[in-house]
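Pasting the structures here.
Two complexes, one shared chain (subunit A), two partners (subunit B, subunit C).
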Partner chain A sequence: MSAVLPRQPARRDPAWARRVFWLLAAGAVLWPMLVLAEFKPWLLLAPESLEPTLRFLAGFVPPRLDGEFLALVARETWRTVAIATAGLTLALLLALPLTLLAVRSLSISGLTGRMAALPAALRLAVRALLVVLRSVPELVWALVFVRVVGLGATAGVLAIALTYAGMLGKVYAEILESGEAHPTETLLRNGAGRLQAFFYGSLPQNAGELTSYTVYRWECAIRSSAVLGFVGAGGLGQQMDSSMKMFNGGEVSTMLLVFVLLVAATDRLSAWLRRTLA
Partner chain B sequence: MPRITPRPAANEVYRLPPPLFDARCRACWMVAGVLVLVVLSFWSLDLQWGRFLSLESLGRMARFAAEVATPALDAAFLRKLLPAALETMAMSVVGTLLAVVAGLLLALPASKLHEGDPARWRGPTRLLLNALRSVPELMWAALLLIAAGLGPLAGTLALAAHTSGVLGRLFAECIENAAQGPAFALRVRGVPEGRVLLYATLPQALPQLVSYALYRWENNIRAAAVLGVVGAGGLGQMLAFHLSLFQMAETGSVLAAMIVLVGLVDAASYAARRALAR
Partner chain C sequence: MKIELKSLSGRHPAASASAPAALQALDLAVAAGEQVAVIGPSGAGKTTLLHLLACALRPAAGGLALDGVDPWRLASRERQRLRGRLFLAPQVPPLPPRQRVVTAVLAGRLPRIGLWHAVRSLFYPTGIAQADAALARFDLADKLFARVDRLSGGERQRVGLARALLSQARLVLVDEPLSALDPTRASQALATLTGWARDSGATLVATLHDVPLALEHFPRIVGLREGRLMFDLPPVQVTPALLAGLYAHETAPDEAVFDEAPATPRPVVMHCR
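Now for the complex of A and B:
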């Protein structure tokens, strides 16, 4: 027995060589990445960058809380919410027809098993349009629209409308297709129109999920409408950008605080709404 | 005082049509609230539809679209585009890795490791994680520009700051949800807390942690692509530059590079997930 078993268990990690190899390989990949990202954190501690930073941070306390400024912040916060809401409403109006065109289960020729050539091509085109709409980031849309319609809320609303139409259209189509197909199919087979089949077959069973996703997107839209302000699309972001450019720490800290509270509040509201809908 | 007996309804209750707007109908109030919000949003924003839908701006957008569709592909431009794309990629990788480290370090105090753990730091750390998370990457980048100067370092740190908030919270959930058995077995034998973590808790949570990290990497490449718009390096900086000069052909190439990068990262992350699941 003692001849079969090793006298002592292996002292060394048996996978030692493999581990060292992968560690070295990861290091070899990571090193150029660190160089490319100009990752030199010690630059943060250099006196010429540390001093303005500390001065800016010192300005954070106390936050600016006089009535005039708070009124301005309240107005801009409302604009941020309004841009998100208006953008999402337009996105919804844009996404609904696209969804109806893109959903496979509402196809009459698809009932035979294969869709006819023309509807299939149309569906493909609508899906491609949705991909294009959402693969261009909203910030890029906003930059383009700021150049077309000028600085202000219009660019933000349009940017959110286009990107979110792409996202909503895609997810709506997925939700409708993943639902129970039977009622819709039965309606279509018995001579109902596509809209009738949608309203009486697909919509009732999926309404909760569709609404809940829309509410979630509204929450995302509020965050992104604040970000869009940084390229001049109005709202809290634009105000924050100009305060940062003037190194006004007190104003920045007030607005950051308001923004964090706004995000937390919409987070709560949307969680509550989605719980109620479920 | 005579008791008032309810008189029977003329027809049975279930035959009565439901009232159109019932004070107790929650859905009605919600719909009314949403409608009011939407109307107020459109009413309070000074949207310039006239300017957007004018022939001039529509023509301008059509010209933009035509130019974007014919991207610039000359060698001199591609030689500038490639480093910017690599820089964006490096920002996303380094930012995500930093966030994994910081997220893990913050997740430990943010989680209640076992029944008897007082977890004194749980509340404050979670508050910090929420604050990190609720400020978007672009805002972090604009803030960090003051400390880190123009360039990819600010972008990398911005990605790391936001993502460590997100990952810290997700990691903490993972650690708390890991099965308690193995950790308990080690703990009753007097194994110190650090080793319990390394040998019992982390190995269980690891697949989930890696999957979250990959998911955030996919998000971060999208964010890294546009962070440059505020001056934080990478493709976004090129995009903002060419867009401000109305060089739409170059803008088209930058956009194409962004989409290719996002596709590459999605594919790599999908492959990594597949390899890990095997």
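Now for the complex of A and C:
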């Protein structure tokens, strides 16, 4: 009978049940997490917490803009930029060799199928080292180095260098591996060395993305050096910490404004670099 | 460079073990300085043959000897040095889009120069005259300082060939060098390549889809079909009947054959990190 009748058109979206299931499943997973994280947004609007918050924020206006303080901020801003730049440069010097060791597409033994055992093990070891470097937060490195070299900028520089070397190495390796492999592979096949193949094959392909990521990390380093200042690693952060402790909201807001300007400037720089290298 | 193949078989590393090898039990001997054109339908194993000769692919079975040496018995360092005396020009020109033509051409001499020289040449090209001469032979001298991504497909292909001239290789393996060239350019490019190989004494093995050009420019024609040798003759003895047999279509091709097995999908590039 049913064979004679015209086929019933499909009325139901077959994906519907699956979609509802995953939505409910996501809710079921997220709810205990929110409970665990003590996520209670209504506390924000409770009058007894709202009032001190508003008083704290009201202290931020007007920002302190007198000449003496601005000179201090300028000096500390320069120090912050210097910490971030020096830290990132050190990180770069550390990350580049690690990247070259970790990248699979620069392997000569991997040309004809699998990588040989020894290079593969070395590659794993380098990856593990990168994991260790970046999984220890820079704040912890800074606390360690503050004990080693004392309060000041050096601790911040070293902390940024170690953590960011781990991040840069990992992401550089991923950028190089996800790019077009054909030019590099052909150079290796034609007898070029690994580093030669990197300079003539991989680098021109990926220079734009590598640069833009590096500039983004530099921006992150500037922001992170502010946090490091709170544990005594120098720069604008340290200044912000002391202003915060003195309940000097005007000074804090001036320094926050400087941060906004710094981040905006790195944004422009990165856009310009990408345009130039594209 | 002298080539000897003894019942050589090869398959792409990504191919399944049950699939027939792309190249099956091939016997072939090529003397030093000889020029050979390999013809045959798509999927005949031409690219696999070139990859085997370039030591880019380990043979599945059989023997390969280059100048009497089995490259796969060498230590890997020695083998890489041997690769420096071979030159494989893949079908798709291996040129990074943002590189300049001069750098792309000069990359052909990387195996001959040290790392320091290679890096210095990135700051200021050290072989402008050589690159210019090689490009001029392919009618591209005006593109010396152009960027690769400003070139047409045919120009890129000729830049890839100009790189071969810089390599000073003893064995040049060219995979389908004419696919993006118009007939005049194709004939000219082939004449340049064979003339250069003759002058330098390098052995030349090229795969070609354009049979008339192959017959015109090469003294020896090798026909491959389904991974097997069909004929190995001088061009005057390659009759239309032989060619018809070489390119005859099967009634029903039971599965699509690729020159190169599809690569494993690459991870998606994450643009926000």
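As a working rule, the second predicted complex is superposed on the first by the 206 of 278 C-alpha atoms of A that agree within 3 Å, B and C clash if a C-alpha of one lies under 4 Å from a C-alpha of the other, contacts with A are read in each partner's own complex, and residues count from 1 in each chain.
Operating definition for what follows: contacts are C-beta pairs under 8 Å (C-beta built on N, C-alpha and C of every residue); 3 or more make two chains touch, one makes a residue touch a chain.
From a predicted model like this one, the values you see are computed outputs, not experimental measurements.
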Applying the document's definition of touch, where does A:233 land relative to subunit B and subunit C: first, second, both, or neither?
neither
Is A:133 in contact with subunit B, with subunit C, with both, or with neither (first, second, both, neither)?
neither
Between subunit B and subunit C, pick out the one touching the greater number of residues of subunit A.
B
Between subunit B and subunit C, whom does A:85 touch in the aligned arrangement: first, second, both, or neither?
first
Which partner does A:173 reach: the first (subunit B), the second (subunit C), both, or neither?
neither
I'd like to know which partner A:95 touches here: subunit B for first, subunit C for second, both or neither.
neither
Which of subunit B and subunit C A:165 touches, first, second, both or neither:
neither
Classify the contacts of A:221 with the two partner chains as first (subunit B alone), second (subunit C alone), both, or neither.
neither
Can you list the residues on subunit A that touch subunit B in the complex?
30, 32-41, 43-44, 49-50, 52-53, 56, 78-79, 81-83, 85-86, 89, 135-137, 139-140, 143-145, 147-150, 152-154, 157-158, 223-224, 226-227, 230-231, 234, 237, 240-241, 244, 247, 252, 256, 259-260, 263-264, 273, 276
Subunit B residues touching subunit A in their complex are 26, 30, 37-38, 40-42, 44-49, 51-52, 57, 60-61, 64, 83, 86-87, 89-91, 93-95, 97, 130-131, 134-136, 138-139, 142-143, 146-149, 151-153, 155-157, 222, 225-226, 229-230, 233, 236, 239-240, 243, 246, 255, 258-259, 262
What residues of subunit C sit close enough to touch subunit A in their complex?
13, 54-58, 76, 80-88, 90, 92, 94-99, 103, 107-108, 110-111, 115, 118-119, 122, 167, 169, 266-270, 273
Could you list, by residue number, the parts of subunit A that touch subunit C in their complex?
108-109, 111-113, 116, 171, 174-175, 177-178, 180, 182-183, 185-187, 189-193, 195-197, 199-201, 204-205, 207-208, 213, 216, 277-278
